[in-house]
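So that you can tell them apart, the chains are marked A, B and C in the order they are listed, and the count of residues begins at 1 in each.
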């Protein structure tokens, strides 16, 4: 980079390398009542997901005779954030329901489950940025654990641009960064096998070329997360 | 313990994982051919047998198969038969004509009412529905009036039954109970007393909690001895 | 939702003094406690009782006091029956089950005098602290009232005030002090619900046992220093079946015994938490 292009964000707040992910832990089978479940902790962000189904979809007239339906419900526990959120559905959670459903649907083989519904419940126990991504990671594990037929797994991560620096797996502190060009937040979900993106959102200020750099960083980060998810499933018993 | 040690020669595979390549193997249950590779499309144990590679599920809801013996709960009555819940993704139906003897519509509720448990066999698995029958020569079908019902993970049923029924026989003998295992994970236990039934239930739960352990048979026999108490 | 046959077995077993999981009718399942499970909360805990798992987070905020209690802080309790935890829980308006559980837990804490509401006053008539007790079920296998109530008091005991900017009169969320909540610790209330099936009374039901029960009596009990005996701070009868006076008397006696056992467990867990706190503070200094 030339002197004019040098970024103000030279060292991450928590000392990580730019491409380094936070410490991740994942475990399946945490909700005995569910058909499949998982907990996924990415640094200080903790998501729990449980899956019920496939089961018969009522009312019958809403059933799709061609393929099953995936229903996603995402919610943050009121005490998961620093300023309490009222329990219940918000516009934000409704939007996350939709984008999460779109992130997971391509891998779920719903054509094998006509007339049924698969319910995915995601709750955030503790939030420190990247909540919808942690939710997708937990949900993918829970779906696999529930024995839902899937083409492959999904992994998600929030990439950031801090002034001019691309970083992987942002924290809340990074999200709030205001120096220079400020913080740009890019949550994304990626299918490591077929190399396709199933979730992509962005807010901030980013040049097209820098965005491509972020996309690449996201791919690499998601591949690492995929390995962790694989391990959690293989070591589940 | 590595995965291989845990499941003997078997390993757990995840959706999307390549489990075989080339022409040596044919894709079996829960696998799909993708170009030259065969990939798993469900989480479970990998099994390679006689040139077929398949996944044996260890989790998830019950997968109904024709000929399976199952235990279900009556959910509803229609003029053609009973709607039965067997823990599968689809509704199961027991048509009037598949019951023993001739039954008038008015007699239906008296025979099997809502909430009753029945032991039946799967006659047919259609795309989005399951047909049941009671018309088979084996004994032990019909309404469950006495005894206890235990629900376990349906994928553990083979372990609970054991090779040629060896494991379940040990439990039957030690607990003095008659035990009928539904492939859908519902198990019917009939014993001389409620204590014997509870003893059998807990023995089965012990098996389910330790399915992947080596030397399970010895461990089960040990558990049975330790927990016998004063039962006959 | 329990099979008719299973209900029959539960009753028969109880009649013989045993249960499906080999416990005695007055035995509780093993209890596990984890503190500090949600760092953004002022206090948090997860309590596991058998397979039932409930999380509790304490959040603090600042608001105007009620007109009839101008020098006192406020408290609000909520119980989310998360659909994540059971196929029987649904989204939408809080169900009557979740409302009853929250209100019963709330009353016990309020009536015991455990929280010194006067010490939550910042400026009389204008600004007081509000304590939010937020419970969420992570897996339902019965006895949610007792487990929730236990989680609530444990979370309160380990909660700390957030930073408060006196000039701007606002809370600095995310910044915590070392100051504990104003609690009269000796008045710590614990909840014991006794259930009835046939002529038997039992405690800490699994979901199947709870769905088989005909009635229940929830008692919130504390043992303040100043009192020679335990004190009942709140009570709630639930379920359709009526209770005989003798049954109620027996339930009160048994609940008092169980309270004592629970109190010992609570003291042990809090001691562990204190030691853990000291250790992590020591580690931080080094």
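Here, a residue touches a chain if its C-beta (ideal position, glycine included) is under 8 Å from a C-beta of that chain, and two chains touch if they have at least 3 such contacts.
Everything numeric in this text was worked out from a predicted model, so none of it was measured.
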{"item": "Topology of the chain contact graph, where touching chains are joined (line, ring, star, complete, other)", "value": "complete"}
{"item": "Reference chain C; chain at largest CA-centroid distance", "value": "B"}
{"item": "Chain pair, A-C or B-C, that carries the greater number of C-beta contacts", "value": "A-C"}
{"item": "Whole-Å gap between the CA centroids of chain A and chain B", "value": "35"}
{"item": "Approximate Å spacing (C-alpha centroids) for the pair chain A, chain C", "value": "32"}
{"item": "Distance between chain centroids, defined by C-alpha means - chain B, chain C (Å)", "value": "38"}
{"item": "Partner chain B, residues of chain C touching it in the complex", "value": "3-6, 9, 12-13, 16, 18-22"}
{"item": "In the complex, chain B residues that touch chain A", "value": "3, 6, 11-17, 30, 32, 39, 41-44, 57-61, 89-91, 127-128, 212"}
{"item": "Residues of chain B that touch chain C when the two form their complex", "value": "73, 115-117, 144, 147-149, 194-195, 197-198, 201-202, 227"}
{"item": "Residues of chain A touching chain C in the complex", "value": "30-34, 37, 44, 46, 48-50, 52, 73, 75, 77-84, 87, 89, 119, 121-123, 125-128"}
{"item": "Interfacial residue positions of chain C with respect to chain A in the complex", "value": "37-41, 44, 51, 55, 57-59, 61, 78, 80, 82-87, 91, 94, 132, 134, 136, 138-141, 173-174"}
